[in-house]
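Below are structures written as structure tokens.
What follows is subunit A paired twice: with subunit B in the first complex and subunit C in the second.
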Partner chain A sequence: MTTDSLTVDDIKARTRAFIGKFFKNIELQDDEDIFALGFVNSLFAMQLVMFIEKEFGIAVEDQDLNIDNFRTINAMADLVKGKVL
Partner chain B sequence: MRIELTEQQASAKAAFRAFVDHEIVPYADQFDREERVPAAVIQKLAREGYLGQVVPEEQGGTGSDMVTFGILNEELGRGCSSIRSLLTVHSMAAFAVLKWGSADHKSRFLSRLVSGEIIGAFALSEPNVGSDAKSVETSARLVGDRYVLNGRKRWMTFGQIADVFLLFAQVEGKVTAFLVERNSPGFSTEPITGILGTRGSMLAELRLDDCEIPKENRLGGLGFGLAAIGTSALDIGRYSVAWGSVGIAQACLEACVEYTSTRRQFGVPIKDHDLVRQMMTNMITNTKAARMLCYQAGYLKDSGDSRTVMETWIAKYFASTAAMKIAADAVQLHGANGCSEEYPVQRYFRDAKIMEIIEASTQLQQMNIAQYAYEY
Partner chain C sequence: MAIKKVGVIGAGVMGIGVGQSLAQGGYEVVLIDINDQILEHAEREIRSNLRLFKMLNKGVELDIAATLGRITFATDYEHLSDADFVVENVVENWEIKKAVHLKLDAICPAHTVVAVNTSAISITRVGSLTKRPSQIVGMHFMNPVPMKPTVEVIRGYHTSDATIATAKELLAGMGKKGVVVQDMPGFVSNRVLMLTVNEAVFLVQDQVASAEEVDTIFKECFGHKMGPLETADLIGLDTILYSIEVLYESYNDSKYRPCPLLKKMVDAGLHGRKNGKGFYTYE
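Let's look at the complex of A and B:
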């Protein structure tokens, strides 16, 4: 997926769409804690990391493996933004 | 759509097959009987570059694509599941260092893992913890500039000889990943013998008694040890076991083609009996189907597609259960001979059972794969 002309809104929309495939019928807000909602198991976490890497053409690395970076759509957008924008 | 190996992949497969036929197949029953793989054989794997398959060339590895890595697992699994299991756990550790390791981790471990100077292994299971991995009881606490670990790890493949373990422990109630070296103070191992299958895989229990490691040996942040590091390493392991199961199935198939062609009953080779042909048909069909699922999982890995996670579960589920059925049929077709050490199918049968248990049991897979149907 190209990152040309990528905006923060794009990042959030694509991430929300990906999460929505797993957790149907839930309108996830940008600042909602997906861990607190009980969404996350280890298989989902790995798929989420792979999605972010492929979709936005970035490498999630050792220092990025902090739960706070994946807690909300806003946090994930910040992580991606810090690497590509 | 074109489902065909590239010229390079086909060439690699031929080379893997020749190596296994020459260096492993003649000795595999001996490894099984003696419950060990000689160091010289591991050195041969290293010389062939097999221990650095998941590491890119620029980092000193072979830089193989995941389909080629899978084919290597099939061929090694065809020859000896214990040796394939070495490739499994070593690759899991190497992958974790490559993917999640700091520059310091990579400089200290990666090139030595690739060269085979050190052997890596995976340490998650415990006496009281198997499938429920988040409940590991081993603990780690930060004391000054070191982590102090306490607990037991059980059923560690090649735990008798591995030099560094990708190990998981609770830190402040969060499962966290560490690289634990054999020479750490407070670390010891106890061999486990008499296992049903993959008897050459040199299992051990790891004992961590106030085991001290540098705090820099932690991988990733607190609490992401299992979710990202453990799961991605297990994904490599599961993929390897899926292909290894295809290898067992292929070995059974080849043994049965040979045996049913030469064994005569009622005046004809037994392959001419209809019920034997039915078993051979199921054997070849399920082996090919398992291999196709593995190709699919490997292709998705090479393209970085997150669907590979569940496709690998599916491949491993199908391949391991198929291998068990195929190995049971292989023993059946060999009759009393199949129960004898004179024929390898009894080893395949015992090894296949292990495939249904390791890297997610059949029942755990049945629970998770069903959930996949309600997602995409």
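Let's look at the complex of A and C:
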């Protein structure tokens, strides 16, 4: 994919769509803590890391491997934005 | 003994965990398995597990590239010609273990200590295959290895005090400790756990209680993290049956007779978490 036309809203929409596969019938807010909802455990964080790397063609570096970067849609959008926009 | 280079035989779930823990402890590791496909999978798993470790342990000092860089992935045992220590993690099958230990004994230098990672195989019997029975020790690691702080260490008939000290030194370098026990079938862990699980299955068979009720009593009355039947599902009911059969054959004691319901479930293909159905159903 190209990143030329990627917007923060695109990042959020795609991330929400990915998480939606695991959270059926839940309207997830941009600032809602995924791990606090109790449906997934911390292992899910690695699936988010791999999704972000593949979907947006970026490398999540050692220093980014902090669960706080993956808690909310906003946090993930910030991480991706910092790397591609 | 200063341990620098450690061989890890078998890149399955246990070997991957042991290799990762050793590399995190700063050891130079050679992870050996039979083909490149298994090794490539192991490398991906270790990388992913290291990243998860970093994610879950905020502020931990862990250079992922450097840690991975300490592991050589190989199919050739010749890499072990200067190994100080070897941890063997191949399947719990005597003929396969035997072949591996004969090979290790021929290639490793005289000072190398060889640990057998097993929950069932006699350490004394493995020792008898080799020219170094005093340097053969059992190490029963628990899964997931990087998360479990304690290892059951087994002293075979001929295992020396120096070997036990070296094994403990290796574990200390991995941030773990060992509890040393004598070599009898099932050691401590399996001898008690398998009997407990088997008796729990009898309770369900005899309709004394449901699986949930048995597990609830262990968790809420005894404070165990998991009940015996959840544990059985996690380990795999086929593995549980195999282990209890080994104990039965080893001691010729009827207290280890496998519960008929356990046999029936295994025959019916209910193997626990790994295939979605055991005492509980998994999605």
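The working rule: the second predicted complex is superposed on the first by the 81 of 85 C-alpha atoms of A that agree within 3 Å, B and C clash if a C-alpha of one lies under 4 Å from a C-alpha of the other, contacts with A are read in each partner's own complex, and residues count from 1 in each chain.
Everything below uses one rule, namely that a residue touches a chain if its C-beta (ideal position, glycine included) is under 8 Å from a C-beta of that chain, and two chains touch if they have at least 3 such contacts.
Because the structure is a prediction, the values reported are computed rather than measured.
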- Mind checking subunit B and subunit C on superposed subunit A, clash or fit? clash
- Message: Touch test for A:M46: subunit B only (first), subunit C only (second), both, or neither?
- Response: both
- Task: Between subunit B and subunit C, point out the one touching more subunit A residues.
- Result: B
- Message: Let me test your reading of the model: by the given contact rule, A:K21 touches which partner, first (subunit B), second (subunit C), both or neither?
- Response: first
- With the two complexes superposed on chain A, say which partner A:K54 touches: subunit B (first), subunit C (second), both, or neither. first
- Based on the superposed arrangement, let me know which partner A:D62 touches: subunit B (first), subunit C (second), both, or neither? both
- Clash with subunit C: which of subunit B's stretches 2-10, 110-118, 254-262 or 326-334? 110-118
- Message: After overlaying the two complexes on chain A, where does the subunit B footprint on subunit A coincide with the subunit C footprint?
- Response: 42-43, 45-46, 49-50, 60, 62, 65-67
- Task: Can you check the complex and tell me which residues of subunit A touch subunit B?
- Result: 21-22, 24, 40-43, 45-51, 53-54, 60-63, 65-67
- Item | Footprint of subunit A on subunit B - complex, ascending | 100-102, 105, 133-134, 219-221, 223-224, 226-232, 235, 303-310, 368, 374-376
- Could you please specify the touching residues of subunit A with respect to subunit C in the complex? 42-43, 45-46, 49-50, 60, 62, 65-67, 70
- Message: Give the list of subunit C residues in touch with subunit A in this complex.
- Response: 48, 51-52, 54-56, 58, 62-65
